[in-house]
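Each chain gets a letter, A, B and C, in the order it is written, and its residues are counted from 1.
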Amino acid sequence: MSTNTNTTHPIFSSYERKEGFFDEIFDEKGNPKEIYKKLFEIYGGHSIEDFINLNNKARASFFNQGITFQVYGDNQVKEKIFPFDLFPRIIHPSEWEIIEKGAIQRSKALNLFLHDIYHDKKIIKQGIVPAEMISSSENYLHQMMDLDPPGGIYNHVSGTDLIKHSDGKYYVLEDNIRCPSGVSYVVCNRTALKRALFGVFNHYKAHTVTNYAENLLEMMESVKPHGVDIPNCVVLTPGIYNSAYYEHSYLAKAMGVELVEGRDLFVENNFVYMKTITGPERVDVIYRRIDDQFIDPFEFKSDSSLGVPGLFSVYKQGNVCLVNAPGTGVADDKAIYTYMPDIIKYYLDEEPILNNVHTYHCSRPDELKYVLENIDKLVVKPVDEAGGYGVTIGNRLTKEEIKNVQEQIKASPRKYIAQPIMSLSLHATYIDDSKSFEPRHIDLRTFTLLGKDTEFVLKGGLTRVALQKGNLIVNSSQGGGSKDTWVLKK
Amino acid sequence: MNLEYTVRYHARNQYETLVKSAVWQFLIQPENNDNQTVLDAHFSSSVDGRVDPTINGLGFEAIRYSVDIPFNEINFEASYKVIKEPINPFDLLHQERKKDMEVFNTLKFKADFEPYLRVTPLTQISDKSTFTFNAETSTFNQLQELNSWVYNYIEFQAGVTSVQTTASKVLSLGRGVCQDFTHLFCAICRANGIPSRYVSGYLHQGLGYSGDAQLHAWAESYLPKVGWVGFDPTNNLLTNQDHIKICHGKDYQDCAPLKGVIYAVGNGNNSTEHTVQVSAQQ
Amino acid sequence: MLARVANNLFWMGRYIERSEHTARYLNVNYFSSLDAPNEVSQSRQFVLRSMLNMVGDPVSNPNTHLDEKEVLHNISLNQNNYYSIIASVKHARENANSARDLISTELYEAINKSYHFVLNYPSDFLTEKGLYDFTVNINEMMAVLKTKIKGTLLQDEIYAIIMMGVTLERAIQIIRIINAKYDDALEAKDEHSAVTNSFEWITLLKCAESYDMMRRHYKKTPNNINTLEFLILNPNCPRSVMNSLNELYHHIQLLDQNKYHNKDSTSFLVGKIRAEYEFKVIEEISDQLKDFVENILNQLISISTKMENEYFNY
C-alpha cells in the first residue's frame, strides 16, 4: 500500500510513501516533518528546470575537480563521479547526541577489546567471546602480540555504519576499523550543496564538517612515538590508481602533510625515512591507507610492492606509529559484531548506547526454536563465512526453500546465526528519470577519531543512498549516491 | 659436555636483469636460549651495502641488508660460533595423558597457545584419522610414535615439493623434505589439540642425517609441566645437541630464511642457492 | 618535497611543453606545404616524413608510402604511441595527479580539462578536417597551463622544478625542430635553390613561432645563418636555446642555494653550458650543424641526468 504526500508541488508529486519503512521526511499523514518544513518551503519554490540545472552543475563541479573513481570497462578506463543528491539529510541535535556518544562508546570498547586479545585475552579465557573468533580469523596478526602501540590506540579512525529501522531507532550494522573511507565526500557534498543552493543555509544552523582534517592531524600528533617532540606525519597511499586516491590527496592537502607512496619511504637503523629532494627526512606517524597484508613485504604478503620493507619492525620497536594499528581487522569481522553488546559491558561496564541488530545464536536451544519457527522474518547467516556466502533472506524464500533452510540449521545449529530483516529508512532523493523527488533507502556512516586522551566524532557523516528503486544496498560499487548531512546546532 | 659449533651460511643470488637496488631480510642467526649461546656472529656480502640488525615481527633477531648499486649477482656469507649444552628429554617429568588432556581443554590454555593450535594453510589436513592419539599412554610417548610414523610415512626426496606444499598434499604424495615432515607433524598435533610449532635451524653434519647441507626444519610440541619438546620427524629423532635453532613460528611462512625486495630493470628470472656447513669441535 | 613527487612535477612540465611543440609542428608543416614554392616541399609524403622525423620515429626507406590519416592519427591521438600528443597530455595529467596536493586547484583543473579535451577528440574528424582546430586548441591549452603555473603557484622549489622541466624540454624540442628542418632543407634543394636560402627556414621559424619576431629583428629574408643565430644564440628570443639556458640557470638557483657551487652539482653544469653558448658565434655552429645538434642534445640530457641523481634519486 502506498499513499501520495499532501504536497501539491510537482517536484514531490511522485513521492509515494511506503508502509513498513521509516520515512525521514513525511509523517503518517503525508505532511513534512517539523525539521524539514522550512527546507520544503524553499525547495517548493524552485521549478523542475531549476533542479535539472542545479543537478547538472553539481555534477560538472565534481568532474572538473577530478573527484572521480575509475571503472574498468571493455578496453578503456572510464571515470565516473559518485552521484550527489541535492536534498540534504537533517539530524536533530538530540538524536545526534545519542549517535555521538554511542559511536565513542563503541570505539573505546573496540580499542580495549583489541588490546586485550593482543595481550592477556581475558575476554576469551572467561568465555565471553569464543576462542574461535580469533583462531579462525585471518585478520588476527600474531606479530601484534604483546606490542604496545604508541598512545595505546589501535582503532584511531572508525567508521560506524548506522541505519534507522522501521521502529524509528538507529541500529549499527557494521563497525569499520581497518581503513574506513568516505570522509572526503562528506566535505565535497557540503561544498557542492553550498555552491548550488546556498540560500538554504540561512534557515538552518548546521555544524561544519571541514574541521575533520585538523582533528585528524591533532589525533595523529597525539600518538607520536616516544621521545619525539614535533612529529612528522604523512598519509601513505597505494597510488593514483586506487579508487580512494582523491580522498588520500584531499586529506594530505587539508592537513598540510606529505602524501607518500611506499616507494618514497625506507627503513634505516630502525627508523622510517622519506626520500626528499634534500635527503632523507624522518617520519613519525603514518596514516596508512594500505591494508595490513600490503604494508611490509618482509612481514606480510611478500610480493607486495605497495608497502615498505622493514616498516613493521620499526613499528614493533616503537619508532613509528601506524594509524590504524595493524591487526584491527579481527574486531570488525561480522562474527565479532554479534558480541558487541557483551564487549561493551565487559570492558566499560556500561549498557550499549547504540542498538546492535539482535542476533539469535542457533547453538542456544531456545533461540534455535524461535529461528526455526520464524525463518520467513529472519536473515540466516553461517557464522564462519565471509562476503555474504550462504546468507538467506527470509521474506524472499519459497515454502520449499524455507524447509531446506530449516533442515540445514537442524543438521548443524552451531554453524548458524539469524537476525531480523532490517528496513532502511527512506529519504527524498532527486531522480533523473522522473525529474522529481522520490523516496530512496539511506544509511549513515559516522567517523570517529580516537587519540591519546582525545576523541572526536565528525558532526555530520556520509548519508549513502541506494539510487535504484527498492534497492537496499547503498554501496558506491552498487550504484549508490550520497547526500549532504546536517547535524543541527542545539 | 658442551659442544662448540661453527655454522657457515652461504647464499648466492643471481638475476637475469640488472638489479638497481634491493633490500633483503635474513632470518639465519641462531637464537640464544636455555641450551644454546651464540659467541660470535659475522655477516658479509660481495656487493657493498648497509647492514641493519633488527628484530622481526615475531621477535627474532634478523639482519636487513640493502644495496643501492647495480648488480647481477650477489653472494652472502654468514658465520656463527655456537655453544650447545646437552639435553636429555627422557629426564623430564611426564604426566598422565588424562591430566594433559584436562589442561589442553581449558579455555585459558587454548587462548594462550592459540598460534600453535591454529590451522594455517600449510598445516591443514583433510584426513585426520591417519594417526590417532589414545587416552592411555602419555602424550610424550604418543608424540614419539607420531614422530616415527611421519618418518616412515614420508619418503625423503628433494625436488618433489616446495615451501608452499601443504600438509594435505604431503599426505597424499608421501614424499618430501624436512619442511614437509615438519608441517605434517604439526598438522596432526594441532588437529589433536596439542600445540606444536615449526622450527627452523641448522643440523650438525657428518652424521648422515637427512637435510644437513641446507637449513633444517623440525617441530616443537608443548607438554604441560614440561614445556616445549623438540621432535625431528625427518630423522626420527628427538632434538639434541646437534640441532641449532634459529627461530620458530606457525609454519614455514613465519621462518623463511631469506626475503628480498628487488628493484630491477624489466622482468627476468632469478635464482637463489643456499648452502650450509656445520662443524663441531669439543 | 618528496623526491618522487619532484620528479613527477619535472616531467609534468616536460610533457606540457612537448605537447605544444608537437602540435605546432604538425600544424605549421602541414599548412605551409599546401602552397609551398617547390615541388618537394609541396609533396605530402615529404611533409609526413618530416613529421615522423621530428617526433623521433623517422622512416629510413625512401620508397615507403605513408598513409596521411594513419600518420596524423599516430602523432596526435594514438594512445599507444609514446610520442603522440595524447600520450604526452595523459602523462602530464598522471604526473599532476600524484602531486595534486602540492599544486593549485586551478592548475590541476586546467590539466584535467585538457586531458578530457584530447581524450574525447574524434580521430576521424581530426584526420579529415580537424587538424587545424585540434592543434590550435592544444597550443592554447598548453599556454593556459603555463600561465597557471606562473600565476598561481608559490614561486618556491616546486615552481622551480616544474619550470626546469618546461625550459629543458623547450630547448630539446627546438633542437629537434632545427634538426628535422635542416634535413628537410637538404632534401628540398634543387638546381634553382641553395640550402642557404631555402623555403624550409621560414617553416622552421614558424614551427618555433618565431617568424614574425625574426623578421622584426633582422629585417631580412631568413637564410640558414640568421635563422640559426636567432633560434640558437639570441638571448632575447624566448624560444632560443640561449634563452632556455638562461632560464634554466635562473631556476636552478632557486633550488640550489649554496653560495659556492659544488663542481658535481646540476647548478654548476647548467652554468658551465650556459657560459659556453653565451660567447659562441653562429659560424662555429652553422658549418657543422649535425655535430652541434648531437653535442647540445647530449649536454641537455646530461642536465636531466644530473638532476635525477641530485634531486630525484635518494
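FYI, a residue touches a chain if its C-beta (ideal position, glycine included) is under 8 Å from a C-beta of that chain, and two chains touch if they have at least 3 such contacts.
On a predicted model such as this, the values are computed, not experimentally measured, just so you know.
**Student:** Applying the touch definition from the top, give me the chains sitting in contact with each of chain A and chain C.
**Tutor:** Common neighbours, chain A/chain C: none found.
**Student:** Any idea which two chains share the most contacting C-beta pairs?
**Tutor:** Contact tally peaks for the chain pair A-B.
**Student:** Which chain maximises the distance between its CA centroid and that of chain B?
**Tutor:** Relative to chain B, the chain whose C-alpha centre sits farthest away is C.
**Student:** Let me have the rounded angstrom distance from the C-alpha centre of chain A over to the C-alpha centre of chain C, please.
**Tutor:** Centres of chain A and chain C (C-alpha means) sit 49 Å apart.
**Student:** Mind checking the centre-to-centre distance between chain B and chain C? Centres are C-alpha means, answer in whole Å.
**Tutor:** Their C-alpha centroids are separated by 61 Å.
**Student:** Just give me the whole-number Å value for how far the CA centre of chain A lies from that of chain B.
**Tutor:** About 42 Å, centre to centre.
**Student:** Chain A: which residues touch two or more other chains?
**Tutor:** none
**Student:** Under the stated contact criterion, what part of chain B meets chain A in this complex?
**Tutor:** Result: residues 23, 25, 50, 52, 54-58, 62, 64, 66, 107-108, 110-112, 114-115, 117-118, 250, 254, 256, 259, 261 of chain B touch chain A.
**Student:** Sort out for me which residues of chain A touch chain B in the complex.
**Tutor:** Residue positions touching the partner: 121, 124-127, 131, 134-135, 142-143, 145, 266-270, 296-299, 302, 305, 309-310, 312-313, 316-317.
**Student:** Help me check something: in the complex, which residues belonging to chain A touch chain C?
**Tutor:** Per the stated touch rule, the residues are 64-66, 239-240, 245, 249-250, 252-253, 258-261, 263-264, 274-277, 279-280.
**Student:** Flag every residue of chain C that touches chain A in the complex, lowest number first.
**Tutor:** 1-6, 94, 97-98, 100-101, 105, 108-109, 112-113, 157, 161, 255, 311-312, 314
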